[in-house]
Amino acid sequence: MTGPLTGSPSTVAPQNPDAGPDEVMTITASRLLRDGEIVFAGIGQPLVAAAVAKRRQAPHLTVLLEGGMIGIEFLPGELPASTNEVRAAVGAQMMTNAADIFLMAQRGFFDYGLIGAAQVDRYGNVNTSIVGDPEHPLVRLPGPGGANDIASMCNRVVVVTQHETRRFVDHVDFVTSPGFLFGGSSRRDSGLRHGGPAWVVTDLALLDFDEVSHRMRVRALQAGADLAQVRAATGFDLLVHADLVHLPPVEDAELAVLRHLVNGDVSDSQETPR
Amino acid sequence: MSPRLATSGVEDARIELEGLRRAGGDKLTTAAEAVRRLVPDDAVVGVGGTNHARTPMALLFEVLRQGRTGLTMTRPLSCFEAELLLATGMADRIMTSWVGIGHGWGLAPVVRHLVESGHAAFEEWSHLGIGLRYKAGAMGVPFLPTVSMLGSDIGARLDLAKVTCPYTGALLNAVPSLNPGVALVHVQRADRLGNAQIDGYQLMDADLALAARRVIITAEEIVATDELRLDPARTVIPGFAVDAVVHQPMGAYPHECYGRYEADLDEFTAYMRAVKAGGVDGARAYVARIVAHRDHDAYLASIAPERLAAVRRTAEEMMPR
Amino acid sequence: MSPRLATSGVEDARIELEGLRRAGGDKLTTAAEAVRRLVPDDAVVGVGGTNHARTPMALLFEVLRQGRTGLTMTRPLSCFEAELLLATGMADRIMTSWVGIGHGWGLAPVVRHLVESGHAAFEEWSHLGIGLRYKAGAMGVPFLPTVSMLGSDIGARLDLAKVTCPYTGALLNAVPSLNPGVALVHVQRADRLGNAQIDGYQLMDADLALAARRVIITAEEIVATDELRLDPARTVIPGFAVDAVVHQPMGAYPHECYGRYEADLDEFTAYMRAVKAGGVDGARAYVARIVAHRDHDAYLASIAPERLAAVRRTAEEMMPR
Amino acid sequence: MTGPLTGSPSTVAPQNPDAGPDEVMTITASRLLRDGEIVFAGIGQPLVAAAVAKRRQAPHLTVLLEGGMIGIEFLPGELPASTNEVRAAVGAQMMTNAADIFLMAQRGFFDYGLIGAAQVDRYGNVNTSIVGDPEHPLVRLPGPGGANDIASMCNRVVVVTQHETRRFVDHVDFVTSPGFLFGGSSRRDSGLRHGGPAWVVTDLALLDFDEVSHRMRVRALQAGADLAQVRAATGFDLLVHADLVHLPPVEDAELAVLRHLVNGDVSDSQETPR
């Protein structure tokens, strides 16, 4: 297993019945990360995805967190709950500060940025700020943390989120983290001359963006999912890639690595699964 | 210019600075005295650390103990300390990129309630946006250019001005300097002059301290200046930028301090239970319980010693060796 | 825009960066190989350190050994290394705030001669001006605002553009980013990935390395990555910004390296005597004598061991204890 | 002895015959520095002046150098030859980098900046770059080093230089480090809203600047010097302060401190003169 698109398009294997939707998303995101590259990961699923990739196909993946740690390692069962805490610094090769790490992103050093989303729209714009009218918010969400900067600066942005109509909306209520804005050249015209969303990873599909219109496009379906399901869970019209494939199901070994990292409680605790 | 950008600028801060004499004096004092002298009503309060890391909790509890009104809290990532300041009505505005409780507790319930009901202002910036505001303030320039917040509703809602690079024509956001009225910063080590060393995460504390108009440092340890001289590259805040130094072991508790103690999740639980039970009043009751203690040492003395020992031990285990 | 500001900008540097894969690989090589691969003719060469501190002399001697033309040397404060590059005709331009020999030797005679006779360009910046050019390059912005060089003939002669702060109306100089074609940096400690730690003076080396399009590190010691993990806050250049790592003990000799050795004043004397005797030809003869050695180790082997021991000992004596 | 202007105006004591012109300048500059303040010092006479002040009236003077050292101490006989070398860092309380130290100056932290001059004009503009036509320099001088930044950013700039007509010129050939530019409000109009030259210290006089015109003014004469001498050594018309005084002569004790710091070879090497 070396990439997300290696499943034969004709083989529609069922999804691993043992894998929960969050686990499917996290593992799919982990498969996108190539060895030797650099990933700026938010806390939660993005961080776990990076940790899984590092135990699997990308042992030389450089993982950074917004607290300023570069090249961290992961202790199974001790994954940090925040990007700025003692246990997020384990094994760091370098600790810079919380502004300079983003300035490095602005310089262009970081291959991937992994972020979550409360809402995402057809152009990959992400909202983690406000549901409803910004002047009179229905729900005040936490805000971007580092996600606005990651989305503005990293070379390839990966959005990881559950596939639900309340999340995949026609227009996000608030652009917290810019995707392709209004499509076409609008991102570039705004002054964002680099990067942009490359992938959206969900429990139902892997999506990318049309090269010209920058509209969201179904690139592959999760094992066991079909296009109708994806469309039903999306609040806008999706493009579909001409070479639509199914992703290979989550492997037992991937699941074991993920759970070992998160829980640290595999039976053969002496041996690290891989 | 939007009124929300109209916090006191680098020009005023510099003029004020020329009238201060802060180099070379002994600044050791108590949290009570430092807060009394340096945190007025209506101040813009720059809070060091991020999220639950190196939060200057002893100083914030002292602010809550003494009582203030009209405060604005600025912090790149905020945890439940933001809730305490807003719930008690001492602050009515936060400038931040993120507020959450963390550790599985999710959204910040009091901030949500007060912002959604229009009782508090959540001035939203990108993480780097806050960082560059401090950095501009520390560098003594009125703005810095960046691509952060371009195209987003964050920049639009702030009414950020744009600048065009005179060499390349590139369009950039101009982030205005922020020179907070007072910075509260917790560190591992300082001398009586205010020279301060931070272990582990540096976060944005050095820029914050250099930018702020007044600075209070709490330190786990007060050391002789000669001890700092053994490793001067670790000194990240110069004494001449500091007004008051407070010796406060476990000064970030119940939040964490790198190399010293992890966050005490039992306190997070206690806080969230209080809020679940009583909403904003629950948060106020939580504050009342803590500030009933004479000072931070008395509060610490009320915590079971084995809890304090446990958070110290696990922090120790995470250190490089 | 003046042609002298038209060095390759942050935009080109970023696009180039996206095509590089520098994280995680073993970059250990020789000075000869690194210079062959990464220092082309006509390059803008950012030289680490300042004056006679942590000058990457082993790399500069290797450039002189291999021979190049059309180089521009950028360095905030320059010492006789600038003379060597100009005297040999390998560089025809220096960007700096200062050139002098120091240690009582005064003005730089070869720089004087070549600039006064119109054979070399001395592009003069303020010290902070060079620093902000690197910093803008490292931050990925095309310019930074500053009051440095306002009102002076330095700014006027460079034809620096001005910017007006959109919030305060303050008038500032816009310093354009500089992303040198290659940075040469000497450090005390690095791993094979290029993670580098600098003891003592940090000077502008971290910003230079982050700004530059290619980076060569020489290190007094090559250590395991795990050793850097013991004190990650000391790592100031990340491996992903580095192209080549060279193990070169005494790699700044005859200049100094903090904590390791002081400058060898006998070599300053030897150089200045050569110039007093032969002018620019004297400087060329000095270079010829050094580059006749196969490499830096061979050059070091030609120096009396007691001289090397002496500069090591006095540097040691200056350390905090 | 607590300040430069404490000599009675009527007492015209002769200069200490043992003091050389450079020593007179250095000691006069040292007297300007008050305890508890912060001084950004260039190498050479400025640094020695700071070192003398620290041994005399200003033990809590904070001395910084452009290499990034803050709060350094001075080893007699081991004064640094450069602002960036091993021995310049002795006793530092903090070591920041060579850009950040100037950014602190720009923020306004530094009370004094001490610089030298090859040429200085009636408005305190300093040239250390070029003698002659900038396009075809007669003499290419070293350049500003940190002096342009110091002159642009520190609250009070002190220029220390020998009093000679070739140095005190009508117009500097090149404004390396800005003084009051063309006088009046021209410094402020250029964007330099703070600081400016406060004192010029020479072997013949202590000079300041008129508060409005910002023209150079003789504030005090060195012991043994007279106004005619000063005028003869100046290539432009000088203002003279209404309350012109003579400076007290260099004290033997001051000279002993200075020489001890520079040479480290006083006879009673066990005891530090003060």
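Should a chain be cited, it is by its letter among A, B, C and D, assigned in written order, with residues numbered from 1 in that chain.
Just so we're on the same page, a contact is a pair of C-beta atoms (placed from the backbone, for glycine too) under 8 Å apart; a residue touches a chain by one contact, two chains touch by 3 or more.
The structure presented is a predicted model; accordingly, all values stated were derived computationally and were not measured.
K.L.:
Looking at the contacts, which chains touch chain B and chain C alike?
P.N.:
Of all the chains present, those in contact with both chain B and chain C are A, D.
K.L.:
Taking the mean of the C-alpha atoms as each chain's centre, how many Å separate chain A from chain B?
P.N.:
Their C-alpha centroids are separated by 30 Å.
K.L.:
Which integer distance in Å separates the CA centroid of chain B from that of chain D?
P.N.:
Roughly 40 Å, centre to centre.
K.L.:
Would you please write down the residue numbers of chain B that are in contact with two or more other chains?
P.N.:
10-11, 140-141, 146-147, 162, 170, 172, 200, 202, 229, 232-233, 320
K.L.:
Find every residue in chain A that makes contact with two or more other chains and list them.
P.N.:
In chain A, 69, 89, 91, 95-96, 103, 106, 153, 193 touch at least two other chains.
K.L.:
If each chain is a dot and touching chains are joined, what shape do you get: line, ring, star, complete or other?
P.N.:
It is other, because the touches fit no line, ring, star or complete pattern.
K.L.:
Can you identify all of the chain pairs that touch?
P.N.:
Once each pair is checked, the touching ones are A-B, A-C, B-C, B-D, C-D.
K.L.:
Would you tell me which residues of chain B are touching chain C in their complex?
P.N.:
Those in contact with chain C are residues 1, 5, 9-11, 140-147, 161-163, 165-168, 170, 172, 174, 176, 199-200, 202, 229-234, 320-321.
K.L.:
Spell out the residues on chain B that touch chain A in their complex, using ranges where they run on.
P.N.:
So the residues of chain B touching chain A come out as 49-53, 76-77, 96-100, 102-104, 107-108, 111-112, 115-116, 118, 122, 124, 126-129, 131-132, 134-135, 146-154, 157, 162, 170-173, 200-204, 206-207, 256, 258-259, 262-263, 315, 318, 320.
K.L.:
Using the touch definition from the top, list the residues of chain B that touch chain D in their complex.
P.N.:
Within the complex, chain B touches chain D at residues 10-11, 13-14, 17-18, 21, 23-25, 137-141, 191, 193, 195, 210-211, 225, 228-229, 232-233, 235-236, 238-241.
K.L.:
Under the touch definition given earlier, write down the residues of chain D that touch chain B in their complex.
P.N.:
Those in contact with chain B are residues 35-38, 60-62, 69-71, 89, 91-95, 103-109, 153, 155, 193-194.
K.L.:
Help me check something: in the complex, which residues belonging to chain D touch chain C?
P.N.:
Residue list for chain D touching chain C: 66-69, 78, 81-87, 89-91, 95-99, 102-103, 106, 129, 134, 136-146, 148-149, 152-153, 174-178, 181, 186-187, 190-193.
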